[in-house]
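Take a look at the structures listed below.
Both complexes below contain chain A, partnered by chain B and then by chain C.
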Partner chain A sequence: MVAETLFAVRRNARLYRRSLGAVVRAVLEYVADFWILIAAGIVTQSLGLVFLSVVMSRVPHLNGWSYPEMVLIYGLAGVSSGIVPVLSDGIWQLASFIHNGQLDYALTRPAPPLMQVMSAWVGFNGVGDLVASAAMLTWALTRVDVHWTPLNVLILLILMISGIALRLAMCVVANTVSFWLRMPMPMFAMTAWQVGELARYPLGIYGFGLRFLLGAAAPFAFAGFFPAAWLLDRGGYAWLGILTPVVAVLWWIFAVWLFRRGLRRYDSAGH
Partner chain B sequence: MKPYRTMARNSMQSTFAFRTAFLMAAVAACFQLVATVALWSALLSNGGSIGGFTLPEMKAYLLMGYVTGWLGNAIGEWVLANRIRDGQVALDLVKPIETQKMMFAQTLGGLPMELIMIVTVGAGFVLVAGPMPGPSNIPLLMLSLVFVMPIRFCIAFLTTQLVFWTQNFHGVSWARNAVGAVLSGSLVPLSLMPTWLQTTAAVLPFASLTSTPALIYLGKVSTPTAYLLIGVQAFWVVALWFLARVAFRAASRQVTVHGG
Partner chain C sequence: MALLEAHDLTKTFRRPEKDPGLRGSFKHLFQRKYSTKTAVGGVDLSIEAGEAVAYVGPNGAGKSTTIKLLTGIVEPTSGEVRIGGLVPHRNRVANSRQIGVLFGQRTQLWWDLPVRESLALLRDMYDLSPDRFRAQLKRFDEVLGLDELLPVVARKLSLGQRMRADLACALLHDPRIVFLDEPTIGLDIAVKDRVREFLRQLKAEGTTIMLTTHDLGDIEDTCERIVIIDGGRVIYDGSLAQVKDRYARERRVHLQLGSELTVTELADRFPQATVTAGAEGRREFTIAFDKAELTAGAVLAGVAQIAEVLEVKIDEPAIEDVVRKVYAGELLLAEGSTP
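This part shows the complex of A and B:
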């Protein structure tokens, strides 16, 4: 049983890699496009940095957070959202697959349909997002007041990986809603993504409604703010950061369950 | 004139056909506005000001950022980008009408939907986020708002032409939007920015999109300066219109009719 599961996991991981590899080769046919997308990712990510540096050159603290700490939150959230286009940009095409009845193709092949959809495209803008966010994160990590030990480096890495997994799961959920919404464009997921961008600032600045939304209902805060709060040991929020892996696992269970429910609704007729 | 009117009417109808998409966009915009207000409220919580902007003024500035952000934005540049990409633009080129004017007519057709978005979300914002100062000079504000749509159209039309060379418009559009957000003053008022960015913004058309109407709304510029800024807007409309026209003539030689 264990051996079989392990075999299936390895097989799917290999398929995922090969599927993404095929897309990468296709995209690299157009070298200019590749560079344009990476540049676009870098420029877009730098927007927040421009905002923070302009504003925080005049106000030293925002809600008790210093400039390097704000950049840390911004960079952490940027890294977890930047991986989504690289690993699962295909999920954004789910709405159009359903609309055109194109999901049939994935259903006839011997690999999990969700995996096939996720790996159907690679968004190279994500590479640009990652480059810019990683630069911000590195800059911030060398400036914030943290007593580094091997243990908290390890935990930070686990929290970051969990944050990435959480963002992936949330992106799957937001796009899976397309099974019910019947629109050729993933409008719901686009809105959700924009809401997620709000979690790149300290949660404390928001009122109850947004705090509830970003911390609990659609917990984007676990993909950046809470882990940062844990690292900086900010009372009130720090202990929540350590829960990130749990939240990520729960959201993946929800995502897979919802996708299966959605598939049952899929009638391949298009609309 | 008639073909253009028909184009405008068709594109207006298409915005109403896709009303769910606009409803979603309105929801996203509401979140965005609430969050930005929260951010500025936290920054200005001591009742002070940043770069001469108090919290109520900043709220009015954000309102103008929202309003000007919609003008000329409902009918995406994607319409043309996709036509160039799949080669259909060849058909536009043989028609006895100008592609640029046709696209402008389509952009105009988006105006009713844009006004609905502006009035509904804008009114909600004023009521919920208030208090904020009202417009200091309504005629001048209206005049400067009139120029926003043509300028945005010309910038979009110019950048869309890059699709004649690249297959991917996402990247071009994202990068331009990001640069535009900084240089138009919609991200933060230009007066807060470092001098080199202010100088860059002063020689580019983006500031005419948001900064000019917002400063006129708040009365941050004297009346003569306001007239000057509106003159600059008018200059950009004319200059960009002809630049886009010349560029399109050159670019359309690149057309790949089999699609790319």
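This part shows the complex of A and C:
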């Protein structure tokens, strides 16, 4: 049983990699698009940082957080959201796949349909996001006041990976809603993504409503702010950061369940 | 047990009922009204391994929906399907290894990739060994001329080339049963012939085939069984020869005579037949009759007694004519016929 599961996981991982690789080769057919998208990612992230810097030059501490700490949160959230387009940009096409009946063939192949959808496209803007966010993160990590031990480096890595997994799951859930909405555009998911941008700042600056939204209902805060709070051992939020892996697993279970429910509603197109 | 068993298969769609125009659409936001449309209603079907079945019917009859139900793409509203003991929409992954699917209207090739890469991705999904993959490509090259398409990016393919590549995709893993939904749609004669040749070969190799088409030329030399569907219901299921035998009995003998005759003179001689004069008035006639009541030989012998026969041409109706009449509602086929 365990061996079978492991075999399936390895097989799917290989298929996922092969599928993404094929798309990368396809995108590289259009060289200009490739560079423009990467540049776009870097510019977007840098603009966000400029905004943050302007604010922080007026107020040296925001809700008790210093500038490097703010950049740490910003960069951490940026890394997790930047990986989503690289690993699963195809999920944004789910709404149009459903609308145009383009899931037909995916459902007749021996690979999980969700995997086939996620790996249907690669968003190179994510590479730009990642480069810029990783640079911010590196800059911030060398400036914040943390006593580094092998253990907290390891835990930080686990929290980052969990944060990425959580963002992916949330993105799947937000797009899977398209099975019920039937619009050719993923409006719901795009709105949700915008909400996620709010989670790149300390949660304490918001009122109760937004704190509840970002910390519990749509817990984007686990993909940046809570892990940062844990690392910096800050306030009442530190213990929440360590829960990130649990939250990520729960969201993935929900995402897979929801996607399966959605597929049962799939009607294809035409007769 | 048959390879494919479908029992009382039904699919209904819920359709919003809107008044026309923007106004109607706004109204629908607040007063939701839906109607249900039955795309497929209670289809029973059983296909034995090795059979080749033509599934025909007018546009909107429910052909594609049936294929989507049988392949597990869409869940039935009610009823059951089993292919090789598996329920397609419950065991999609296991089922996909035994079925091959082609929708002529839609490609499964990766749009921005060369055909070779699409096939390689499918090879990985179906866990084909490199040797097996090479052997398959060679086989497809022989009938479909695949080699020249391998380096071409899918979006640059012509329709005929695309269909050939898609056939290779559908059959790469040697499925036990293959569903082909309009595999010759929009193709020119040369490519059509190639596809038909490929179908004949598949049949000879023992692959079970279910084929929908509007071009009945596709089925005449491949399928021995025909299922006709209309309004989501099977209205005929039986052998192709039997359909022809039972419903394509009309024969037309065209005659050119050396001497002049009148329509009445001929009609009196053959009361069971319909006689019409041709373009050349009294020297050209067409005699139509039911082959169960009269034979072409008897007609010729009868005419020869009263006039010299110069030219003879005998027309047999194609299966196409039969199906056309069924579509038009001129012919009611006996229900519940089995092969």
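Convention: the second predicted complex is superposed on the first by the 269 of 271 C-alpha atoms of A that agree within 3 Å, B and C clash if a C-alpha of one lies under 4 Å from a C-alpha of the other, contacts with A are read in each partner's own complex, and residues count from 1 in each chain.
We take it that a residue touches a chain if its C-beta (ideal position, glycine included) is under 8 Å from a C-beta of that chain, and two chains touch if they have at least 3 such contacts.
Being a predicted model, the structure only gives us computed values, none of them experimental.
Superposition of the two structures on chain A leaves chain B and chain C fitting side by side, clash-free.
Contacts of A:4 after superposition on the shared chain: neither chain B nor chain C is touched.
Among chain B and chain C, the chain that touches a larger number of residues in chain A is B.
When both complexes are overlaid on chain A, the residue A:266 reaches chain C alone and has no touch with chain B. The superposition places the C-alpha centres of chain B and chain C at an angle of 90 degrees about the C-alpha centre of chain A, rounded in steps of 10. Once chain A of one complex is fitted onto chain A of the other, the partner contacts of A:145 are absent, as it touches neither chain B nor chain C.
Contact with chain C, but none with chain B, is seen for A:107 once the two complexes are overlaid on the shared chain. Touch criterion met: A:15 reaches chain C, while chain B stays clear of it.
Touch criterion met: A:190 reaches chain B, while chain C stays clear of it.
Taking every C-alpha atom of chain B against every C-alpha atom of chain C, the smallest gap after superposition is 7 Å. Touching of chain A by both chain B and chain C, each in its own complex, is seen for no residue at all.
The residues of chain A lying in touch with chain C in their complex are 11, 14-15, 18-19, 22-23, 25-27, 29, 101-105, 107-113, 264, 266-268, 270-271. Of all residues in chain A, those touching chain B in their complex are 30, 32-33, 36-37, 39-41, 43-44, 46-47, 50-51, 54-55, 58-59, 62-63, 125, 183, 185, 187-188, 190-191, 194-195, 198, 201, 204-207, 209-210.
Residues of chain B touching chain A in their complex: 20-21, 24-25, 27-28, 31-32, 34-35, 38-39, 41-43, 50-51, 165-168, 170-172, 174-175, 177-179, 181-182, 187-188, 192-194. Residues 13, 39, 59-65, 68, 71-75, 92-94, 96-97, 99, 101, 103, 105-106, 108, 110-113, 117, 120-122, 124-127, 153 of chain C touch chain A in their complex.
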